């Protein structure tokens, strides 16, 4: 991974508010515990609106929002499994995620008594993120489709359930642009837990 | 809001890994910037697995996971809109969230050209969280249904889109247990941004 | 409400057949009780086809059928909740309805044991009807989107269930065309029963 | 059809409010035109709530509501197509209806450019109503399934579209209880328009 | 039915592989039993990949694949019920089929305890195949819609369940091109079992 | 693969009719070409019902029909991807298939312009077939769940489209009953074409 990641969001963005003033941000970075306490005090005050953990929820700054993703990938409901891209470098790597909710269409069947995200859909999500890496934004005419060619060393480590944010990273290990074949190392996390990993082979084809 | 919140997850839990070892946690808390740098170094090293932002994604520790929520609420797919409860005190308040994904069943229709979470479903999500507050876990025989009675001062502040984590807080302002009427102040956030707020009136009825 | 409602269907239309010949219509209007009795006689006759209540079912003449509604509203399945507009005057008011059926996609989840139309979807339906009021048919170039800004004094009075026809009326109370903000008084009925009422604030935005 | 229909709703019920006071009802029956005018006057008055056509919308009194229908028929979403039964006599006939809404799950596919209720689903709806006729409420142990055996002389007369109330009547013409074979004459109306008619053959089987 | 069926697949195609070399095909045709035995021997060999019945599964050569069908019929999910056309002659007849799977969207409701393909959807599938017969490929400008006009002598013979391949044949018996009315004899089979038959009347209309 | 496959259907069953008379079957087996010709003659005869390829469609005799599969697997719509099991031996192997239809719920999203079965769902289908192998029918009390542990050497060879019958075979290569870990060699075919293959690792867990 290069240091010059022009298109990426800085890691700090993960904990930023959407439109935060710089001053507030540096304060938050400097004294997290102080800030947390302030919130508590406010919550206990009379007449003050009770707030706390809920305003420190995640708000991941998007490099690519869903509309841009939908302009790149041909996948649509109920088979579009990437919600946001956080970091991206053409032909190199990407970090993105899918929010997992009980309202995902597959949970009624997997399983009625116990909601677990199907492992194969985690792989699909990683592959969709992988496909986004392979589009050259400088080549607008390049209309492409991605097909899955193969998967190696796929392992699932932990169940993924509603309420999880499936954070994924794909790193290109080989990219034969001439034949449109791309190999990637893909990993999916929930928090710091590795939940799925695999080596993916994607094939790029010109669209009809 | 009382200081003694026996059933709540501490705010710190938000940034905890699921099954993190204590030592690692304290390290992470002590030197976040150091840790981040270490990751970068590792990513740039030869042969080392490239990792970074993706392992610092959110992993919100659940006080109530989806299976417990489904044992409390009668709502089911496609109308169950709370994925996890983070804090909860009977008859007092709750903090919980819904993951918003392009795979939510309502996005194909709202709207085909632009995915925006319907505002009324944010209100429904807050009301479902509110309903969870009203169940007394010490009274197992208390089988109840919640109906929406009314809403006041409902305002939407910002659009909610796929990839957002809709973090909600409901605080009971009046709870007439005899008549089963409960008023709540409800707020929904994406990160630190307030996206929706309302005063909810829920009515509790014994199930037939 | 003005007497000169050029675009509205007369109240009598409610009981009219779709393409009825004028003569038959005037007969029906003139002697409803006579006609009803005739049917009974026929039903009791030998060899006669038994008919009765079923031909006196409702057939509400549309001012705007679903295809026109879909050309105005960007909402689509499963989030388009107005089936027909009966009366309409630009910037003033509209009367329209949604048929409620067990085949509505939300009933499997709300609730598995008891089908009740979610209250928030009644509000959404009223807001969609409200949005239709705000389109100026004389200004074809005016491509607009409607967003919900807020709701006040929302009350639900009775449950709405499959088989109900949710008849709605929205009356504009304030319409600031310059800022695209519109306030409306909205009511929903099942028969003569008021089931839901609210003050809606809609915001009109130019489409991207 | 017999005059003694103990289980039926009177024809007048069609225009009744749900919980109307007897006095109001007789007034409404006696002077419909007077009443309609009164509404107009009220609507034009200052400060008065503008009301009109919307409170004269249909509200068909149910002999069997959806919950009872679901206890009789094994059909479920998305293939339960009767919302309410208005008249019913065991082994003789029934009148019931389905509300048709753009939110019916089949409209996205039939057709994307023009919403028309599939004709075969009108037949299915009539057959489901027919099945309800064949259950003997006095024989609670009689657990039965209905299968479609055949259809003759099926004709569709007019398209059925969202916003229509598909009012159906099935009259048993032959009922061989020993072999569980039942022939019915079925008709479906929208208002006074006959939209579909057929001769149905249903077969009743004991459930496994 | 004419002997000159220029557009049809030969009956032998049913057992052909998709891109089989001619030599292999003639061998297979000549010595089916020999070939079957060879497979068994291989399966019992050491280190040999175990194969058997699974490579003799059906692979029906398409005259019209789904993409072409979707360019002819306006039907879409969840109401497109023909997967492939095997034989076809304009204005004369067609043979095609629908694969029936537990993943068909109607099975959750028909019935929860026992998956049976609704009989009316078999009729719809036959009618869709019938519609394909009526398109003149030589008249590209002929944009048409098909509506169902009527059905006679419809009989269901056996239940159709997941895993069945519903093979259908429609033969035009009368085709009044001037009025766009077409009568057809339609049959549906599972293997050699006739499961449904009917006389269909289709009406062709110019698209708006 | 052993010669003694007590629970399997013979390969010949593939071409059998469901309830064929023995005599007809042996004739068909003896003289397929003669039989085919007879059909043609009949088809060309005057007044004779035209029949042909459609009665030679596949009808795969089930060892396990969908109801039995649903009693074994916890998967449900829209994530149950095995329609029928043709051969099966506990702890050894199974042959089964899924019918692929344009009405499969995933096709609207994969892809709107071109219906291709997602590769990961082929893997899921093979894994579900694999799970069926691991149930001991002699041990009724053995309530188990299957989770996917990993996949190796996964390759997709050809696209699978609506109208295909995805015929699958799983052969157990290692079965550690004590730890509930099972490795399988899985292959999927459309006709004689290998479309997908992989080494699957399934993990069996007692149900909570």
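Every chain is named by a letter (A, B, C, D, E and F) in the order it is written, and numbering of its residues begins at 1.
Convention: a residue touches a chain if its C-beta (ideal position, glycine included) is under 8 Å from a C-beta of that chain, and two chains touch if they have at least 3 such contacts.
The shown structure was predicted, so the numbers you read here are calculated from the model rather than taken from an experiment.
Identification of common neighbours of chain B and chain E yields an empty set. Contact count check for C-D and B-C (C-beta pairs in contact): higher for C-D. For the pair chain D and chain E, the distance between mean C-alpha positions equals 35 Å.
Between the Cα centres of chain E and chain F there is a gap of 19 Å. With each centre defined as the average position of its C-alpha atoms, the distance from chain D to chain F rounds to 42 Å. Looking at chain D, one finds that residues 76-78, 80, 105, 108, 114 touch two or more other chains. Taken as a graph of touching chains, this assembly is arranged as a ring, one closed cycle with exactly two partners per chain.
Traced around the ring of touching chains, beginning at chain C and stepping first to chain D, the chains run C, D, E, F, A, B. Of all residues in chain C, those touching chain D in their complex are 1, 3, 9, 11, 14, 16-20, 36, 43-44, 49-60, 62, 65-67, 69-70, 76-78, 80-84, 86-87, 93, 95, 97-105, 107-108, 114-115, 161-165, 167-169, 171, 185, 187, 189-193. Put simply, chain C touches chain B in their complex at residues 74-80, 105-106, 108-114, 118-121, 123-124, 127, 147-156, 159, 198, 208.
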